Each structure stands twice: as structure tokens, then as C-alpha cells.
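Common to both upcoming complexes is chain A, partnered first by chain B, then by chain C.
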Partner chain A sequence: MTAAFDEMFGEAGAAIEGALPRKAYAALDKWMKAAPPEFFDARRRQAELFFRRIGITFAVYGEAESHERLIPFDIVPRIISGKEWKTIEAGLTQRAAVLNAFLADVYGPGECVKAGIIPAELVYGNAGYRVEMTRVRPPHDIFVHILGADLVRVGEDKFYVLEDNARTPSGVSYMLENREVMMRLFPELFARHRVAPVETYPDSLLATLRSVTPYASDQDPTAVVLTPGPYNSAFYEHSFLADKMGVELVEGSDLFVQDARVFMRTTEGPRRVDVIYRRVDDDFLDPLTFKPESALGVPGLMAAYEAGTVTIVNAVGAGVADDKAVYTYMPELVKFYTGQDAILPNVPTWRCREPDALAYVLDHLPELVVKEVNGSGGYGMLVGPTASKSEIDVFAHKLRKDPQGFIAQPTLALSTCPTFTEKGLAPRHVDLRPFVLTGADKVRVTPGGLTRVALTEGSLVVNSSQGGGTKDTWVLDE
Partner chain B sequence: MLSRTADSLYWLARYVERADFLARILEAAMRMASLPAGDGAAGAEWDSAIAISDQREAFTAAYGAADEQSVRRFLAFDHANPSSIRNCLAAARNNARAVRTALTSEVWESVNDAWNQFNALDEKGMDMQAFARFIEWTKSAARAFDGAVHRTQLRNDGHAFLRLGAAIERADNTARILDVKYHLLLPASEPVGGGLDYFQWSTILREVSALTAYRWVYRESIKPWLVADLLILNRQMPRSLASCSADIAGQLDQLGQAYGRRGPAQRAATATLGRLTSLRIEQIFQSGLHEFVVGFIDENARLSNAIAEQYLL
Partner chain C sequence: MRIRIDHETRYHYDAPVRAVSQILRLTPRPHDGQHIVHWRVDVDVDGRLRETEDAFGNIVHRLAADGPLETMTLTVTGEVETTDTVGVITGLPEPLAPQVFLRDTPLTEPNAALCAFARDTVRGTDDRLEQLHRLLSALHAEVTYDTRSTTSATSAIDAFTQKHGICQDLSHIFIACARHIGIPARYVSGHLARSDGVIEQEASHAWAEALVPGLGWVGFDVTHDACPGERHVRIACGFDYLSAAPVRGSRIGGGAERLSVRLAVAQQPMMQRQSTGFAQNQSRQIQR
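Moving on, here comes the complex of A and B:
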């Protein structure tokens, strides 16, 4: 693998002594070199204390002991120039529009399938496909109100979309808290940079939710955040967002459906609900329609949805669009719905469902990253270059058994960013998850997003469930 | 506000109040244990602590006889005892965590800090002095919570549910202290008004931080009926049943006004307060302190149920 592009030092990589920083990092570099090392140690401890105190924790599945853990936070910001951001923003807006058009299409006329852009079985046989949605037309035809796209950078002007998260993307609370912590710790740095604010996100989210109130609603729209409860790994975020928006954080048992309308139980009696920002998966939303044993959902919710009295954000069935197999068709889908090329390209991907591709992948496993089509959070994936021989053999077996279930990508040299480690400042690989809000009125893209960093040297896995950390992300307002 | 939110606020405050109460029970037991033994009451102080906590069956099943070690362990640290200080702090934090959106950050931090600090304790290496410090710490954690609520929490319906939870729990606790004292503490051989009796009544006053208050109010040596008067009927005494009842009725009135509707909870609270206001301590002693207190505990529990049915479900 060639040296990775470094966010601070550019194509030359971070390895070269005395390398000059890229323009966006010039002021930061100067400031960091001027500060004594103890200064950063003290600030890092303060940051940790701050996070612990406000109770931002992240529950990791399968770790009963450390039921609540802090996601490591690195104090070196990741900086994106205003010019770079313009391109990213345009690409994200295009991506969100295409995902929405695609979903309206697959639950409607099915033009993309008829035109042969994407195989029918990938859509209609997809685990994320919900046949119920052919009877529901989501208010304003919006399916993906909140999109979290995972971007990776491999060169000066080379950003790829690695993944679309069109169901319930998480991480936005870390984006906001990271900024809050950074502003408290380093006010002098913010005085030297014009950093585009991210604090408006909760207002933008609320405006988006209110804009998509159902047509049938005749009152000032009431929006709620629906959470699976305090034991969910992202509960902190659910409660954080409800708090910042000033809306109720509800669990399934707080809601009930009567005459195809949704109400919440309050101390003043039932109150009508118009928009539900749900952080509960499709399968658990309504035990009458989906998993009957689900205690997280609301019986009759789908009937209300079908009757058009409530908006569910993101729409039920949006999972078809962030499936990793469907992802591979995104360049073609962008062209199909917009007539233009994708502004943000996909990572070159082999679809293992295609025999030629499968043969290639099986021959090159040690150099590829293979992902389960339906996996997420870094689970169920093979990173060829770091895998042992036996891990590769096991994976090859899985692949042969179920080629449909996998895609493969080259091992990308994800860009690195200087990060504090046990041995001092060192380059670590990062990705970027920006958030795109699509309302009935407009599209709102928050400048920046969540930068995730793989803290282990050489590691490419940035997921917080696997030991990744986060950084504040600055978009310079130039 | 969501009924579940109100429920969590109510129980958050109840559990914090209960943790404080357990600390006070343990403190009183330690003090009584320092009395010279030999008068037939040896060990009774630890037994009475279990009796007050209303957990006798669970305690006996797990530990058998009550002594300092077992009672300390059971009331303060036991994972299996749902009403140990440990589990009260855990339950308080879980409730707080579920309704963080309804709490100021100061209130949340008071509960979260208490839990984090509790977890950093070393129970095994705790000698008598360290345990006394732990008791003080528990009481100060409850005060930090009360203070954060008082200083920062918006005076809306959420605040009313916090206050209701605290007042209902406190009323229950005060009633239990009184009852256990009267019927379990005093050995049959000991004369009412004797030295042991005196010490126990004054310990009860200490338990609720009211020894000085007693002297201010009555300017007399300690007499059982005056202690009962202070803890049952005196409206100046913040832990008295009358004070708690006034607080409960007041909070429910505010809720009734805010929501434009009164219900069974308001009627029950008003009735209790009315009775406590018109009663005199002589009447209570005439018809039996024990009967009165048991009746009150039931009534208080029914009121809690009425609040739950009207608002929390």
C-alpha cells in the first residue's frame, strides 16, 4: 500500500520530516508548534473529564462490563477548506436527491428496474424492501429526510462515497459535542480560524421535521423522537437531539393509535403526534405489521402511516437504498435520475453476485476489503491485508456459499490526520460522515460532520464499536 | 409532559430521598450501638434498622441475624436488595438518564456524579470511620440533588412531579421511623420515659436532624408525645407528616391548575391534609400511635397510587 494522503501534509504524506502543511492547516500547524507539549496533555485530560461529566457514553453490544463507554476524542481538528466543502456539499445534495427519487420509484412505478438499470431481485428481494410501502405515499414524497453518507479521501481532490446511511444514521450528537468541547478548550484557535458553525443542526432538523408534517394535519405540527430506550447504544444521542429541539423523547409505549391517528400519553391526556423521528428499525416499528414480538413499537402505527395522518422519518423501507449491493449501482442511478455524473464517485466495487467479479475477488482476497451486503458498524467484514490466513479461508468459504451477500473493494489508502497517541502525535486514518437534511422546503447540509479516526496504528476500521475515536471537523468559511 | 417522563421524575426524587433516609437509619443505628449494652437491648439497634426499612423477610433470608456487618452490607451495598443505597442511587440514575431532556444539566450531573462516585468506593476496605464518611457522603449527595433541583429546575409540571416524589417518600419514611420506635425499639421491661427510652427518642430526632428544632419549638426535655407532635403535626418541621402533606397537596393543586383539571389525587391529598391540620397529638395517642401511623402509611400509599393513575400511566 502506498503512503496515504495526509490531511495536514498532503500527498507527500506525514512521514517526511519538515513537510509543509497544506494551506487549510497552516495556522493550526504554527499554533501547535508554538505550544508546549504539557499544554496538550492538560487539554486532553480536560476533554475526557468534560465528556465523562456530561455523560456522553456509548453502549457497545456484547460488552456487559463496560456497558457505558466513552468514545475516545482526539483534540486535533480535521480541517476542510471552503472550496473542498463546496464540491462535497454539491455531491451530497445530489446523492440525497437521487436516493429519494430511487425510493419513490421502487415503491412506485419501478422505472429504474424496467429500464434495466438495476436487477429486479436486488430491489424487490432486498432485505430492506418493505412491500407495505407500495400502499403508502410518504408525505411530500420524501423517504430519506436524514442522510449520513460515509466519505473517505484518498487524494488531494479525491473523495469517495463509501456507504450511504439512509435508515437511521447516528453520530450527529458527537459532531455537536465535539465542537462544544473544542470551543471550550481552545477558544484561541477559533479566534484564528473562521470555522463554519454546526450548532444550527438541531434547529435545521426541527425545521425539516416540521416541514414534512402530513397533509392531513390541521394543527401546529407536533414532532417527537422515538427511541428504543435507555439501553440502546445511541440513546444518548436520541435524548440529546430531543432536548436540543425541545420535543418529546418517546418510547413505543408512550404512543398509541386510535382511529388511525397517533397519540402520545401525557400527564394532560392524549396528545396528537404528526411527525415521528424514529430511531427504531423498521422491523420493530409496528408489531401488527412487522415483528409481532416487538415491544419497542406502536401497534397500528403502519395503519396510521397508510392513512396519511403521520410522517415517519426516515420513511419505512428506506433500507433498500443503503444496502451495499444497491450502493454499487449508485453511479448508474445518479445518471438515470439526474442525467448527470455523480459529483462524488463510488469506491470501485466488485459485485460478488457477478461470476467474473467473484472469481477475481476470490483470487485477490488478501488485498481486498469484503463486506456483507447487509452488515453495518464494521461487523462481518474482512480486511484482507490485516487478516490471517485462516480468517481468509473462512471468509472465502462464506463467499462461495453466498456470493449475493457480499461486495468487495480495494483496500483504500484512507487519508490520515495527525492524532495524539501513546507515542505522541502520529498520523491515523480518518473518514467523514456528513449529514444531509431533506425537507419539503429545502435541503440543509451541515458544514463538516463527524470525523471518525482509527486509533490503532495502520488500522482502517474507524467504527466506534471497534475502538475508533472522533475528531472535531472544521469547514473553513472562506 | 409525557406520562413516562413524569413517572421517571417522580421515582428519581423518591429514590434519592430513600437513599438519604437509609443513610440516616444507618447513622442512628451506629449511634445507638454505641450505647452501653447490658440493658437487654444489645443488637436491637441493627434489628430496628431492618424493621424500619421494611425489608425484614429479604434480609432474614439472605443474612439471618442482624448485626453491624450484615445490616451495613444489606442496607448500603447489597445488589440484591432493591432498596439498598446502592440500588437507590442506581435507580435514581436510570430514571434520570431516561428523562435527561427534562432535567437541567446540574440536576443530571448531581445524580450522575453520585453514581460515579459510589462506584469508585471500596466497600471491602471500609472501616467504621470510612463508613461514617460514606454515610455523610450519601446525605450530601441527596442535598446536592435537592439543591440542584431547587436552584436550577424550571418550576413547571416536571418540578411538581419531582417534589411529589420526594414528599411522598419522605412522609412514608417519617411514619416508619415513628412506628418502629414505638413498637419495636423499646424492650417490654424498659419503662417509658426511662434512660434508654430517652436516648432512643433523641436518636430519632437526630435521625431526622431535628434535635435542635425540638428544643427551639418545645423548650422542654424530650417527651415522647412532643416528639410525635413535632414529627406528625408540626408544619414548621420539614419532615413532619403535616409538612409533607401540605407539600403534596400544594404540588397537586398546582398541577390541577396548570392542567385545568382536578381528580382523585387532589381530593385524597386535600382530605389527608385537612385531617392532619385538625388533629391534636392527644387524640392520636388516645386512639393509639401505632394505629394512626399504620393508617397513615396506607393512606400515603393509596395517594401515591392515585397520583400514578391520574398522571403517570
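Moving on, here comes the complex of A and C:
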């Protein structure tokens, strides 16, 4: 593998001594070189302290010392130039529009299937396809109000969409807190850069929620955040967002349905609810329709949804759009719905269900990452470059037996960004999850997102569950 | 054949219930082999009963009742006239793409043994109808009908492993096999007018339907090793028992609940007055 693109030093990579920083990083580089090393040690300790204090907010909701919940934070920001962001923003807006068009289509006329763009069994046979949605037309025809797309960068102008999160994308609270902590730690750095604000996200989210109120509602819509409760790992984010937006945080038992309308129990009696930002999965939303044993949902909620008296954000059944197999058809779907090419391309993917692709994949297994389409099988994936000869042989056999079940992608050299490690500043691989809000009035893309960083040297795994950390993400206003 | 159905479901709650909300799939839809003479769903408490449809095209009732309730009784009475269509179902609205019936659900997911059984059974023929008939007979022989070994939550895998089950389990296993070999298959709940003249039944019936190229949906009743005929009254279909369930509900309060079901499915020979009278007595008894 060639050296990865470095966010700070570019194509040459970070390894070369005395390399010049890319333009967006010039001011940061200069400032960092001027500061004494002890300064950063002190700031890193302060950052830890800030987050621990936020961690205490965690503990209020039922957990004593939630040390494991502190996701490591790195103080070196990841900077995206205004020009780069313009492309990303346009690409994300296009992506969100296509995901919404796709969902309205597959729960309606099914044109993309009829036109042969995507195989019927991939859509309709998909567990994320909720047949109940064929009888529901979500208010304003919006299914994915909140999209969290995972982007990776492999070159100066090369961003790929790694996956779409169209159900309940999380992580936005880290984006907001990272910024808050950075502004407290390094006010002088913000004075030297024009960093686009992310603090407006809760306002944008509230505006989006209010804009998608059902047609039949009154003037002043009531929105709530529906959480599975304090035992959910993302509960902190649920309460954080409800608090920032100034709306009620509710659990299923706080809501009830009467005459196909949703109400919230309050001390002043029942209050009508128009928009539910739910952080509860489809399966648990309504025990009368989905998992009967679910105590997290609201019995009869789907009847209200069908009657068009409530908006559910994101829509029920949006999961079919962020499925791994459906993902591979996104370039064709973008073309089908917009007539244009995808501004942000997919990671090149071979669909092993296609004979030519299968032949290529079998010939190049040592270079590729092969993934199972249905996570349910649990037979894992093959990472070619690190697999042994016998592992590759076993996998080749599996592939030939069930080509439909697999997709393959090249091993990507994710871009790196300078990061403080135990041995000092060193390049570490990063990805980016920006958030796109689609309302009835407009699309709002928050300039920035959550940059996740793989803290182990050489590791490409950025997931916080596996030792990944986060960084503040700056989009420069130029 | 004219078939009369009297179906009563009675709930007894240990403590008064504050509110009940249910979805009922208790009403048949007409199709080319089934004419609905009359049909009525009733509940003996104050509440709202609204008729609508679900995604599968089933007729459903949404029931909402406020307490306090100590008991609640659902009563279904109706008469259906059936003709034998050798299992082929036509004249039903089919709102969903057939491929949705290829997906696994927790109740119909196969394991390696089930997959192997399905593949071995159909080996040597590509004809879909022939494959399904082989599965029908092979499963009828392989799995013993037994009302004591399974519950409504038993999966196809569990029932196939113990080789025992009721009509629900046999249908789940059949569906798992058909889907595994790429045939869309669905669960059907309904009633059966028994040929031995027994009218009082312990539970309603279930079978499967599979999509056969050129024919459309065809029923397969593994319990009887036959395609459903004029003795079958088709009520609702779904992915599995759960999505076609006659009653799904939730309630607030009420403690433990006891359920008693009375079901009478009677053949009504159109000429014989006496039999008609008998069935009416039957229904009066139930409504008492």
C-alpha cells in the first residue's frame, strides 16, 4: 500500500521531514510550531477534564463512574477548506435527495425495480423493507430527515461515501461538544481561523422537525424526542438534543394513541404530539405491529402514522436505503433519479452476484476486503492483505458457493491527520460523518461533522467501540 | 360448501384493565373460491371498532376500549360459501411485491438441517409445483402432528428439530423450506370444516401459500397433506403466524390474563333444515 493522503501534508504523506502543510492547515502549522510542547500537554489534560465533567452529566442518569464512556478526544483539529466543503455539501445534498426519492419509490410505484436498476429481491426481500409503509405516505414525502453519511478520503480530491446511515445516525452530540471544548481551550486559534459554526445544529434540527409537521396539524407543532431510556448507550445524546432544542424527552410509556392521534401525558393533561424524533428502532416502535414484546414503543403508533396525524423522524422503513447490498446500487440510483452522476462516489465495489465481478474478485482476493451482504450470517469478512493463504482458500470456496451473499472492495488507504500519541504527534487514519437535515422547507447541511480517528498506529478501525477517538472538524469560511 | 363459523374469545383479567388496544385479523376476504354470505365481528364492551386493511390486504379491525374492564369478549359469527379450486387462490388483491415473501423472519428462519432437507426433497426436478408437492408430502411424513410439544412462539427450527408440531409449526417449516429454494411463501390463518363431523374445535387452522409461476398463489396444507379445498375458510395471510395473528393487543393494567376460546365450524348442507337449526343452537349457546 502506498502512503496515505495526509490531511495536513497532502499526497506526499506525513512522513517527510520539513514537508509543507496544505493551505488550509498553514496557520495551524505555524501556530503549533510556535507553541512550547508543555502547552499542548496542559491543554490535553484540560480537555480530558472538560469531557470528564460532561461525563458526570452522564452519571446523573443512573451510572456511577462512566469512565468507559469517555471517548478519547484529540486536540488537533481536522480542517476542511471552504472549496472542499462546497463539493462535499453538494454531494451530500444530492445523496439525501436520492435516498428520499428511492424510499418514496420502493414504498410506492417501484419504478427503480421496474426499470431494472436494482433487483426486486434486494429491495423487497430486504428485512429493512417494512411492508406497513406501503400504506403510509410520510408527511411531505420525506423519509430520511436526518442522514449521517460516512465519508472517507483517499486523495486530494477523492472523497468516497463508505456507507449511508438513514435510520438513526448518532454522534452529533460529540460534534457539538468537541467544538465547545476546543473553543474553550484554544480561543486564540479560532481568532486566527474563520471556522464555520456547528453550534447551530440543534436550531437547524428543531426547524427541520417543525417544518415536517403533518398537514392536518395546528399552527404550533409539538415535537418530542423518543428515547428507549437511560439504559441505551446513546441516551446521553437523546437527552442532550432534547435539552438543546427545548423539547420534551419522552419514553414510549409517556405517549399514547387515541383515535389515531398521538398524545403525551403531562401534568396538565394530555397534549397532542405532531412530530416524533425517535431514537427507537423500527422493531420496537409499536408492539401491535412490530415486536410484540417491546415495551419501548407506543401501541397503535402505526395506526396514527397511517392516518397521517404524526410525523416519525426518520420514517419507519428507511433502513432499506442504507442496506449494504442496496448501497452498491447508489451510483445507478443517483443517475436514475437525478439524471446526473454521483458527486460523491461510492467506494468501488464488486457485486459478487455478477459473474464478471466474481471472477475478478476471485483473482484478486489478497488485495481486497470481502464483506458479507447480510450481517446476519456472522461468518465475518476477509481482509485480503492480512489474511493467510489458507484463509483465502477457504473464503474463495465460500464465495463460489454463495456469490450473492458477498461484495468486495479495495483496501482503502484512508487519509491520515496529525494526532497526539504517546510518542508525540503522529499521523492516524480518520473518516468523517457529516449530518444532513432534510426539511419540508429546505436542506440544511451542518458545516463539519464528526471526525473519527483510529488511535492505534496503522489501524483503519475508527469505531469508538473499538478504541477510536474523535476530533473537532473545521470547515473554513473562505 | 356452506360453512358457518362461531368464534368466541373471552378475556378474564385478574385486576381491572384501564385500556385495551387490539388489532384483529378475524374477517375473511372474498376470493374466487370463497364467497362471504355474512360476517360480523363484535365486542361486548364500550369501545371503538374500526375496520381497515393491512399491508397484506387482510381486513383488520382496530379495537380500542377504555376500562375498567374485568372481562372482554370478542365474538365472530359468519357464513361462507366455498368452492374447491384445488388450492389455487385467485381474485384477491395482492398489494405487495411477491419478493417480500422471500425474506426470513425469526419464526420461519431455516437452519442447516432445514436447508438440507429442502434441497434433498426437491432434488431432480426444476418444476416449482412438483417441488412444492414433494415438500408437502415429505414434511407431512417427517413431522408428527402433536398439540402438546409447541407454543405460538415456537420457531420452524425448533419444531423441525423435535419433529413435532401443530398446523402453525408445519406451516412455518414448509414456508422456511420454500423460501430457501427461492419460492415466495406465506402463512395463512383460517378455519377448517372437519370431514368427520366434529364441530367444536380447540383452535383455528393454518396452512401455507406459495407462488407458482403461471398459477399464482397456491395453498399447501401440510397437516392434511393436501391443497386447501372447499373445507378451508381463508381468513388472513402474512410472513408468519405473528404477522397474520388473529389478535394482537396491548393493554394498560389488568395483571394476569386468562383466555378462553370457543370455536365451532359447521358445514351447512344447504338443503337440510335440521342441520341449520343445530348450528343456530350452537351459536346461541356460545352467545349465552
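Here is the rule we use: the second predicted complex is superposed on the first by the 411 of 478 C-alpha atoms of A that agree within 3 Å, B and C clash if a C-alpha of one lies under 4 Å from a C-alpha of the other, contacts with A are read in each partner's own complex, and residues count from 1 in each chain.
Here, contacts are C-beta pairs under 8 Å (C-beta built on N, C-alpha and C of every residue); 3 or more make two chains touch, one makes a residue touch a chain.
It should be emphasised that the depicted structure is a prediction, and the values quoted were computed from it without experimental measurement.
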If chain A is used to align the two complexes, do chain B and chain C fit next to each other or clash? fit
Identify the partner contact of A:Gly300: answer first if only chain B is touched, second if only chain C is, both if each is, neither if none is. second
Figure out whether A:Pro230 sits in contact with chain B (first) or chain C (second), or with both, or with neither. first
Contacts of A:Gln340 with chain B and chain C, given as first, second, both or neither: neither
Is A:Gln258 in contact with chain B, with chain C, with both, or with neither (first, second, both, neither)? second
First (chain B), second (chain C), both or neither touched by A:Gly125: second
Which one hits more chain A residues, chain B or chain C? C
Let me test your reading of the model: by the given contact rule, A:Pro287 touches which partner, first (chain B), second (chain C), both or neither? second
On the overlay, how many Å separate the closest CA atoms of chain B and chain C? 12
Dual-contact residues of chain A, meaning touching chain B and chain C, are none
Parts of chain A lying in touch with chain B, wherever the complex brings them together: 52-55, 229-230, 235, 239, 242-243, 248-251, 253-254, 264-268
So, in the complex, the side of chain C touching chain A is made of residues 19, 21-23, 48, 52-56, 62, 64, 95-100, 102-104, 242, 248-250
Chain A residues touching chain C - in the complex, by the definition given at the top: 110, 113, 120-121, 123-127, 129, 131-135, 256-259, 287-289, 292, 299-300, 303, 306
Parts of chain B lying in touch with chain A, wherever the complex brings them together: 1-6, 94, 97-98, 100-101, 105, 108-109, 112-113, 116, 157, 161, 255, 259, 261, 311-313
